[in-house]
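Below you'll find a set of structures to go through.
There are two complexes below, and they share chain A, which is joined by chain B in the first and by chain C in the second.
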Partner chain A sequence: MTAVDNPAPQQEDSPTYRPSPVQRFLPFAIAAVVPFILGSTTENVNFWWKALITVVVLAVVARMAWVWTPRGELTHREDMRLWRTPSDRSWAAVTTFGLLVLPFILASDFTPPMDFPWATWFAVVNLVLIFAMGAAAFNLLVGYSGQISLAHVAFLALGSIVGGIVGVQWSGGNMWVALPAAALAGAVVGAISGLPALRLKHLYLLLATFGFHFVMMLVWREYLQEYFGFVGIRFKGENSPRIASWLHWLPGIDPDDNGEFIITGQFRWYWVLMPITVLSILFMVNVVRTREGRAFAAVRDRDVSASLLGINVARSKLLAFALSSAVVSMSGVLASFYIGSRGEDSFNVQTVLNYAIIIVVGGFSSIQGAIFGSAFFWFLPEWFKWAREELWIVRDIDFLSDYPSEIDLAIKGFLVVIILMFKPDGLAGLWKDVKGWIGRSLARRGP
Partner chain B sequence: MLLAFGNFTADPSVNLQLLIGGLALGAIYAVVALGFVLVYKSTDVLNLAHGEFLMLGAYFALTFLISENLNFFLGVFVLLLVMLVFGLLVHYGIMRRMVGQGFFAIVLITLGIATIIRALLLIFYGPTERARLDLLPQGSFEVGGATVRYVDLIIFGVVAACVLLFFLFFKYTRLGLHMRAVADDIEAAAAMGIDPDKVYAMTWAAAMVMAGVGGLLFGHVTGAIDRSIEAIGLRAFPAAVVGGLTSLGGSIVGGLVVGVIEQFANGHLGTKWREPVAFSVMFVVLLVRPTGLWGRKDVERV
Partner chain C sequence: MSDEILSFENLTVQFGGVRACDAIDGHVKRGSLFALIGPNGAGKTTLVNAISGVYKPLPGAQVQFHPAGKPTEDLLSYRPFQIARLGVARTFQNLGLFMGENVLTNLLLGRYIHEHTRLIEGGLFTRRAVKRELAARQAIERVVDLLDLGAFKREPVGDLPYGVQKRVEFGRVLAMEPELLMLDEPMAGMSVDEKQDMIRYIYAAQDELDMTVFLIEHDMSVVMSIADHVMVLDFGQKIAEGTPAEMQQDERVIAAYLGTEMAEN
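Let's turn to the complex of A and B:
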């Protein structure tokens, strides 16, 4: 047997290595600072120079985070870290850099070849952020906790209702109050909607939560008609969220001519949506690692044995519903304010299907999968639109340009079926395979 | 006011009309619920695509009976044959690989099938709505001040005949026995020499044929044939659950009960209460008797 067939585990023979706190912190600090330096030098540096610097910084940051990872005999605390392996830390640093540098890249007036739609991509990225948050919460409930629910669109509607009451009617565009209010309302209503889960499972739970969807739709329509009429709620214009004047001293905020800082345009929205999405996804990833999160998984696998382990099954189920619904409601508020108006037909059965498509394509029961899925869901139509107009083979097929949205829908449907049949863990599983393949081929090459 | 109740009326003829309308609606629900029950009973799959299957049936009925102008019986025969082939296609193409997968994955794959059918129908038939079918007798007669349409009576008769047919089929034929055995315990049935694959294929074919019948019938009572008629699949869920998802006769009773309740909610409270009331009834039934009125009890081993 050669060493190639049976590679020795790295941890055991490598000596214990502890980087200093500065070394651990440094790659993330570089990843956080460099985008802003690059972004502030807009006039005098050529785009391609910036691209080169970006790639170099990416490589440096990844390598630094890789090398400066604790190795060898780990304490329990180190073993339980969120980013434990060199690869995890490396990806975390790259992601940090990527998320911070992305808006500057997208905001630059770069014209890609073949009229690639640069401008619309920023809007798509923002939508991906909102949907990733909602889909990750959905995945936490359905995939990770195993509580089948079709009521998540009801909680998007709940978010819009709370956004309408607190954000528009009471305070005229104060999204910052509406967000925690929606989280609170989502948690309470979510726990109530989770009550059937104490008695029902699988199919019957799915049907019961679907019933909740229809009840919520009734509430939504009644609310709209009572206060807003048929035009729906306007979350833009005078109701746009803004940064209060006592916060204008913050760096990067320079008020418009009328002395207000209104959150409008893709660039400003990105800086609102990105931190909220990243924080809530980190929150959910961390919930999974806690005692409560492990209890969710135990209840999913077998609720009877979970109760024998001393887990309060009822509490665990309701907590899963409450957490997931709170985050979905928050994403509902964000979506309402970002899209700008919500009417009677903003929420329908197709929206439920869209979220199902997102989590299937992204990867069932993995929270990262929600990010992949929503990116795929929003980029696919954009890419097809571009391909239909510009790509030289596809451009000439009339059939494709005659039925654009229908073909997108059909492709999504086929994707769901094919992925569930052949690759049930979706894009997240594919990503894992690719990472494993790269890692193996690197390991085979030897030191 | 959020909970504005409509004005209740005690006028007997109005209530009679609502009752008759509810029974007519319930008959349609029973047709759809029968499709759910057939699939769920033997394959344990909750088929969320049944509304789309029904839409497929209605559009094929348009093609064969109106556009191609076939003789009624020949047209119906061709329609059911095509639906049967589609059912086999669904099983051998897709559902066969999903046997043994998790419950929610299978539900999601039926949603995927639903999406594909909807997209393809939009591509091939376009978004314009078509006039409803008018091949069955269109007249009506009066009973005590309420109007009864012939179509509704025919639908009711067809549903009752189908349930009776399936009941006899399950009880007395060999294939029916196989289906029951597979539904009961797939491994034991396979060990006895029954081919579950064939049984599942037959089940999907039967469900598709039922959807063809349903599409043909529903095409006569819907306002117009367009992409929104798939919603009947979701609206029939309460009917299937109230009757019990494993009971053929239950689908008729459940359909009628839910149809009448919905129609009364519609008449007395307003259209917007239709779905919430139906789903609330389902909710209560689920909490009190999760297997419905006549469903098979699931015994869970620990």
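Let's turn to the complex of A and C:
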């Protein structure tokens, strides 16, 4: 067989790669749907907001399509791009499109057949956003920097404490002030919690950080009883975050009847949570691909060899702890204000395990995996519930509806085992395979 | 003194009851190729570990580094990462690479001490951070060209053949642009062709990049052909020192390598 009969498959990242017409115009096709979706939403959104979304979507799509134009050899700057290959860029365009248009779809009056749990999805999507942010930070520390830590929930609690002090107790404060305050507090306390990592590794470090978890739980309980009693902290009502009146001129801000714009309801929360999550995840992705992030990976793999490259191993470890904890604390603040109240039993060991499930299922040491993992974690129970109630045959099995939570847990555990056995790089690895497959089937064949 | 870059005196490293290095003195000339040879277990790697700060020698030892145009530094008062920042870089006998990361990342880590992007700058991907990343990238591209690593840039290092891995590690210390380059058996396990290439690269580092090379090597023929100055260790003792030609004639060296009986015959 000659080379002409069997041309080598085109490499996605080769400079001479040419995308197929389908690939090139797919984003435009997707973007064309935007006005229809935005037009059909039931949410009371003003015209300017919809117009802004449309413009942003079109701009993103145009940008993605433009950078597809092959221009010979990639420069080093082009090679450094987060979305290097045409396939990366098209998926980034699709993701951006999805993130901007999803809330409008979820707020539309579409009724799915068989009572598919569409209505509950909005809440789940918002929870996924909060969890994705926390899980990505957790993964940065445990997966990417190799510092096994169980103090994750401790920092969610720290976020709630800072949210309580700055956002609730302090009359001049609110959630917007609490977020940077929590990031700062998380960074400082996180660096302190990372001190055992300078001496301990692996299982021993895990135990030391678990100790920190219990110390923090004690602090949380004391704080709660001192200032709030058994009812817990109420982040709702008068403590809800709102847009200050001097910002009401912004597009999309339509004050309510009382002249205020309170962040309440899934739709408004989405527009708060989505940008914060996306920006913090981008921040972490950027850290990973620049100097200090490379040092994290070096310290994880071989600390002696890292130190001989001039990396201060102790500093690098503490930096990883500080960064991760800062982001987790911020997600703690968001979770507190989004859920609306935090009580004595809001934080437990189970939550640490949930985050562990999220990052293992999503893909160890992959920030993308944290997003997949939290989507898996939150959507699966919804689908199980729907299957138990609506799905043909399955709904007739009494056993399933008698022990719903146990069965959920069992199936989740079973899937975790399956993923660990057959796809150790998790859903992120699975996604990579699927992406490669789609890319190859779309790409133009031939020499 | 000014033509010396490294001098160590009375360097003793002890593990329990074993003296891996026993009161070793040595002086490395600036710009030279200093070779440290000796049979297995002679304490060669231990000596390099002591100089680069991984092991602490017994008190009484002196290790002095004389950077060009800067005051003399006492290396024993520094930790390994500080020694690396002073301009002493080293490779490992059994590779100190990060196997899961690709070649570019491994090489870029060699630029860690030169491109000072802070964590927050990196996270925000500011203009300055991008500029520094590009500078680092350009610096390592020169190394990539020099060592013919272009074909492997995005391959995970763990998937590459051993000879290439050795080259990547050598590239990483070159990217650090040290004044003193310590190579721990860079040619171990290589084929003859690969050895020839490596010798070429070491010459390039010494001549074009003005580095002083401190070479640990097993292969006598290699050392004899390239070294300016040779020190021979055996069982933690310095048994001889001089030019390669002198070492070839030295009875103690021959005895250490071939056994005493052979030497007597």
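By our rule, the second predicted complex is superposed on the first by the 368 of 447 C-alpha atoms of A that agree within 3 Å, B and C clash if a C-alpha of one lies under 4 Å from a C-alpha of the other, contacts with A are read in each partner's own complex, and residues count from 1 in each chain.
As a working rule, a residue touches a chain if its C-beta (ideal position, glycine included) is under 8 Å from a C-beta of that chain, and two chains touch if they have at least 3 such contacts.
Keep in mind that this is a model prediction, so the values were computed, not measured.
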Margin query: In the overlaid three-chain picture, which partner chain does A:410 touch, first (chain B) or second (chain C), both, or neither?
Written below: first
Note to self: According to the stated criteria, A:80 is in contact with first (chain B), second (chain C), both, or neither; which is it?
What the structure shows: second
Next item on the list: Tell me which partner A:313 touches in the superposition: chain B (first), chain C (second), both or neither.
Entry: second
Item checked: Touched partner set for A:286, first chain B, second chain C, both or neither -> second
Note to self: Contacts for A:301 in the overlay, against chain B (first) and chain C (second): which applies, first, second, both or neither?
What the structure shows: second
Check: Is the number of chain A residues in contact higher for chain B or for chain C?
Finding: B
Notebook entry, point to check: Looking at the overlay, does A:426 come into contact with chain B only (first), chain C only (second), both, or neither?
Noted result: neither
Item checked: Which superposed partner A:373 touches (first chain B, second chain C, both, neither) -> neither
Check: Considering each complex separately, which residues of chain A are in contact with chain B in the first and with chain C in the second?
Finding: 304
Notebook entry, point to check: Tell me, which parts of chain A touch chain B in their complex?
Noted result: 142, 148, 196, 199-200, 202-204, 206-208, 210-212, 214-215, 217-219, 221-223, 226, 304, 349, 353, 356-357, 360, 364, 403, 406-407, 409-410, 412-417, 420-421, 424
Margin query: Show me the residue ranges of chain B that touch chain A in the complex, using the header's touch definition.
Written below: 1-3, 46, 94, 97-98, 101, 103-105, 107-109, 111-120, 122-123, 231, 234, 237-238, 241, 245, 272-273, 275-276, 279-280, 282-283, 286-287, 290, 302
Check: Mind pulling up the chain A residues that touch chain C in the complex?
Finding: 13, 76-77, 79-80, 283-284, 286-287, 290-295, 297-298, 301-302, 304-313, 319, 323
Margin query: Applying the document's contact rule, which stretches of chain C touch chain A when the two form their complex?
Written below: 52, 54, 79-81, 83-85, 89-90, 92, 96-101, 105, 108-113, 115-119, 121-125, 129-130, 132-134, 136-138, 141, 154, 172, 176
